[in-house]
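Next come two complexes built around subunit A: one with subunit B, the other with subunit C.
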Partner chain A sequence: MKFVQWLANIDRRILFLLIAASVIVPLLVPLGMPVKVTPQAEAIYEEVEALPSGSTVLVAFDYDPAAAPEVHPMGLAFLRHCFNKKHKVVIMALWPQGAQLAVSAMAEMTDEYDLEYGRDYVNLGYKAGGDIVIKSMGASIADVFPRDMAGRPTASLPLMKKISSLNDIDLIMALSAGDPGIPAWVRVANALFQKKVAGGCTAVSAPQFFPYLQTGQLLGLLGGLKGAAEYETLVERPDAATRRMDSQSIAHLVIIIFIIFANISYFILRRRPEASSGGAPGAPPPSP
Partner chain B sequence: MDGLTLLGTWIAAILTLCILSFLYKDNPFYKFAEYLFVGISAGFWVAYQYHNLLVPNLIEPLFGSAQGKGALPLLLTEGQFDLRLLTIIAGLLGLTMLFRFIPKLAWVSRYGIAFSVGLGAGLFFVVFLQANCLAQIKGTIIPPVVITDGGVDVGSSLANSLLIIGVVSALIYFYFSKEHTGVLGGAAKLGIWFLMVSFGAAFGYTVMARISLLIGRMSFLIDDWIKGTLIALGLI
Partner chain C sequence: MRREIPMIVAFVAGVIIILEFFVPALTPVSSRIQNWYLVVVAFAILVGAFNLLRLNYMKVRHRRTDWPFAILLIVGFFTMALAGLIGGIDEGTAFDWLFNYFVYPMSSTMFALLAFFVASAAYRAFRARTVDSTLLLAAAFIVMLGQVPIGSIWVPSWWPFFLSPDWLKDRIMDIGNTAGQRAILIGASLGVVSTSLRILLGIERSYLGEE
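Now for the complex of A and B:
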């Protein structure tokens, strides 16, 4: 009973230490735990595979540094897949800091691939307005982005000479940390222009997008670090997300164990109200 | 890693540790990092919004930029009306929003707000209805029993039935025009179970997200800060 009471009143700092250890140790000593690929991640992969070489893919970097640990790795994996397939990539952002994160992602890509700006990819930068930006892109991309991120006239870029509006885009990948993001792309690009939209998002926002997935409004979804690791597995290029999944799994295990312990101690102490009469924080209230 | 990047990494690492120190207990290091973050964020956003919103959408169209002449000089020197002059209306409507700071004139802000709300509603009412309502209703109109060439597809039939029952019972839970007793009460209780399962899934994803952020920070401290410093010092 003493152990149960100790468990019920455990100092939260002990939990913090255990979670920290469960995150740090696998980062230092990788366990190489397998990553199971879900159908929603595979659907995106298959769609990119099915596109003819040289197709145009729009990648929206609609997130900020706060969401980067989860969303950035999936962006890198997706870009690698596009460039492996020789697709052309148009980058833009509905979030201000997304455009800068795209620059950092493309810096990695240009190190790995022989890419020429303006021919293989363009970065149109950030535009405020969310849904209105997407809707206007349905009429003309150059009108919405008269200049790219570096200030060059969009119309002068070779890649953009072939792309006038969203109709010329074969696939949209919305990397999203909120709204504007996946919801805006689904609402406008999919519902209004019937464009194929895939999504990558933070884990916390993933559950709200499953209805879109079920109805086919989203063709696939990468949710959180796990989604990123799945895509890295699919493109056979394990990177940051795969490395970090060991920590994720071990931390989840620790949390699950403590949830089970907490519930067991709660139910035991609830049956014996006198045992919990210490008034310590975390102890269940006595039964009425 | 050059010296400046290393310095930035050290500042970021020390501030990360200051923030994490809150997990032990509230302390001056945490407060310092918190206030610094709030102040820098506010300054960053003001500058960012000015350069990325006001300059390209209002100032450059009206007064011109390095690339071309603005609409106002065009009007004043050559007498030509330019469509870009319409941005003055948008600018004025935006300006009305700032009247919120003057209590006696706060009502003026309603014009800007009314315009943006009206514009949003008018432009996206149909799109919202299509994407978030009609498509979802359509997604629920599915056969509870799926028959294929080989007979009944048990898995799909179960999934479809579960979806239909879940949607209907959850909707019944939110139907307040009749007391939740009898069949209606039973269905509402079932709806609660479905809602609880969805909240559980959402909670699971939330835990995953928070742990991912922690992993991101720890990864930064181990790889960028500690390993980066050791590499910069030529120790590894």
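Now for the complex of A and C:
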């Protein structure tokens, strides 16, 4: 019974240590678990494959460093796919720190591919205003972004000479960690301008976008690190997300085991109320 | 007039933008208003930055709780601003270096701490006390397992597919979750419509600083 009581009131530092170990050990000793691709990720891949070479893809970096460990790998995998297919990429951000994350993503891309700024890709930078930015881009991108992130006139960039508004964009990939993000692109770019919109987001926010998937307003969705690992699998270039999936698998398993143990101790102590005291199960849960 | 003028501006701008959907001739006027909005938003960011500095300066001046952190914020604010203004924000600049080696790891670390608190909270609060909480617990187990590779690799070949965490997770997400999310979405959208109408008609005035 003492063990059960100890289990019920376990020191949170032990839980923290076990979680830390479940994350760190698989990073050091990879298990190489296979990643199963969902239809939502495959739909995005197929759409990029189906676009004729040289099509224009807009990638919105609507997230910040907090969400980057989950969302950034899917951005890298998606950009690799676009450049493998020789598509032109227009980058922008509705989040202030997103534009800077795009800079580091493109630094990796320029190391891997023979890319020329202004011809193969442009980074328009950040613009505040959410839905209204997207709506105004439907009329003229140069009006909303008169200069790119480095301050060059947008109209002087060869790629932007062929792109005047959202109508000249073939596919939009919204990498999003909140608002403004995927809902804004669906509401405006898809609903108003009938553009194809795909999304990538943190795992915690993915469930809220399923109605858009079912209606076809969102052609595909990469949800969290798993979504990023799925896209890495599709482009046959396993990278950070695939490596981190082992850690996430073990961490999920550890949390499930925690909950099972907590419930076992809860039921045992509930039958012997005299044994439960303090923060034991049955009492109102303390703050985490 | 401090109350009436903003209300008139909100009413005129809102009505023109709504009418634009039905009267295409109003598009040029609506576009102009939307461009003004982008300018106003940009200035709002400046006001926000100034306000952040002012609040933290007051915190340091009056030695309020945790005032040393306010000094860190002010130093960080000016360091990033000066790095960006002097050297630019492109790849390889001081701003880019500060962003990649300070802002990025610190911000990611803060978010990553959530995993530890979620684990601790789940351990202490996630109990099968009632039928509802048991259902929630079962759904959470299935989604947590189905969301990661381990959820599909442990299933033996003879295991019925409709009992695998993968298959069950997809059903929970596609049916139960989508229905619930759609209800929330429609409810929230109706709320946005009614609040917008209240603002346009001058009934809702909290944006003017009123109760």
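Simple rule for what comes next: the second predicted complex is superposed on the first by the 276 of 288 C-alpha atoms of A that agree within 3 Å, B and C clash if a C-alpha of one lies under 4 Å from a C-alpha of the other, contacts with A are read in each partner's own complex, and residues count from 1 in each chain.
In this section, contacts are C-beta pairs under 8 Å (C-beta built on N, C-alpha and C of every residue); 3 or more make two chains touch, one makes a residue touch a chain.
The shown structure was predicted, so the numbers you read here are calculated from the model rather than taken from an experiment.
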Report task. Check subunit A with both subunit B and subunit C modelled on it and let me know: fit or clash. Result -> clash
**Report entry** Which superposed partner A:211 touches (first subunit B, second subunit C, both, neither)
**Finding:** both
Requested in this report: Could you figure out whether subunit B or subunit C reaches more residues of subunit A?
Outcome: C
Query - Contacts of A:255 with subunit B and subunit C, given as first, second, both or neither - result: both
Requested in this report: Mind working out whether A:5 is in touch with subunit B, subunit C, both or neither, as first, second, both or neither?
Outcome: neither
Report task. Would you check which partner chain A:139 touches, where first means subunit B only, second means subunit C only, and both and neither mean what they say? Result -> second
Report task. Report for A:244: first if it touches subunit B alone, second if subunit C alone, otherwise both or neither. Result -> first
Requested in this report: Check whether A:28 is in contact with subunit B, with subunit C, with both or with neither, and answer first, second, both or neither.
Outcome: first
Report task. Would you sort A:186 into first (subunit B), second (subunit C), both or neither based on which partner it touches? Result -> first
**Report entry** subunit B and subunit C contact sites that coincide on subunit A, given as residue numbers
**Finding:** 16, 19-20, 23, 66, 68-69, 128, 132, 135, 203, 207, 211, 214, 224, 226, 248, 251-252, 255
**Report entry** Interface residues, subunit A side, partner subunit C - complex
**Finding:** 10, 12, 15-16, 19-20, 23, 33-36, 38, 64-69, 97, 99-101, 103-104, 106-107, 127-129, 132-133, 135-136, 139, 143-144, 149-151, 203, 207-211, 214, 224, 226, 245-246, 248-256, 258-259, 261-263, 266, 279, 281, 285-286, 288
Report summary line: The residues of subunit B that touch subunit A in their complex are 23-24, 48-49, 52-53, 57, 120, 123-124, 127-128, 130-132, 135-136, 138-139, 163, 198, 201-202, 205-219, 222
Requested in this report: Mind listing the subunit C positions that touch subunit A in their complex?
Outcome: 31, 34-35, 37-38, 41-42, 44-45, 88-91, 95-96, 99-100, 103-108, 110-112, 115-128, 137, 140-141, 144-145, 147-153, 166, 170, 173-174, 177-178, 181-182, 184-185
Query - subunit B contact footprint on subunit A (complex, rising order) - result: 13, 16, 19-20, 23-24, 27-28, 66, 68-70, 96, 126, 128, 131-132, 135, 186-188, 190-192, 202-204, 206-207, 211, 214-217, 223-226, 240, 244, 247-248, 251-252, 255
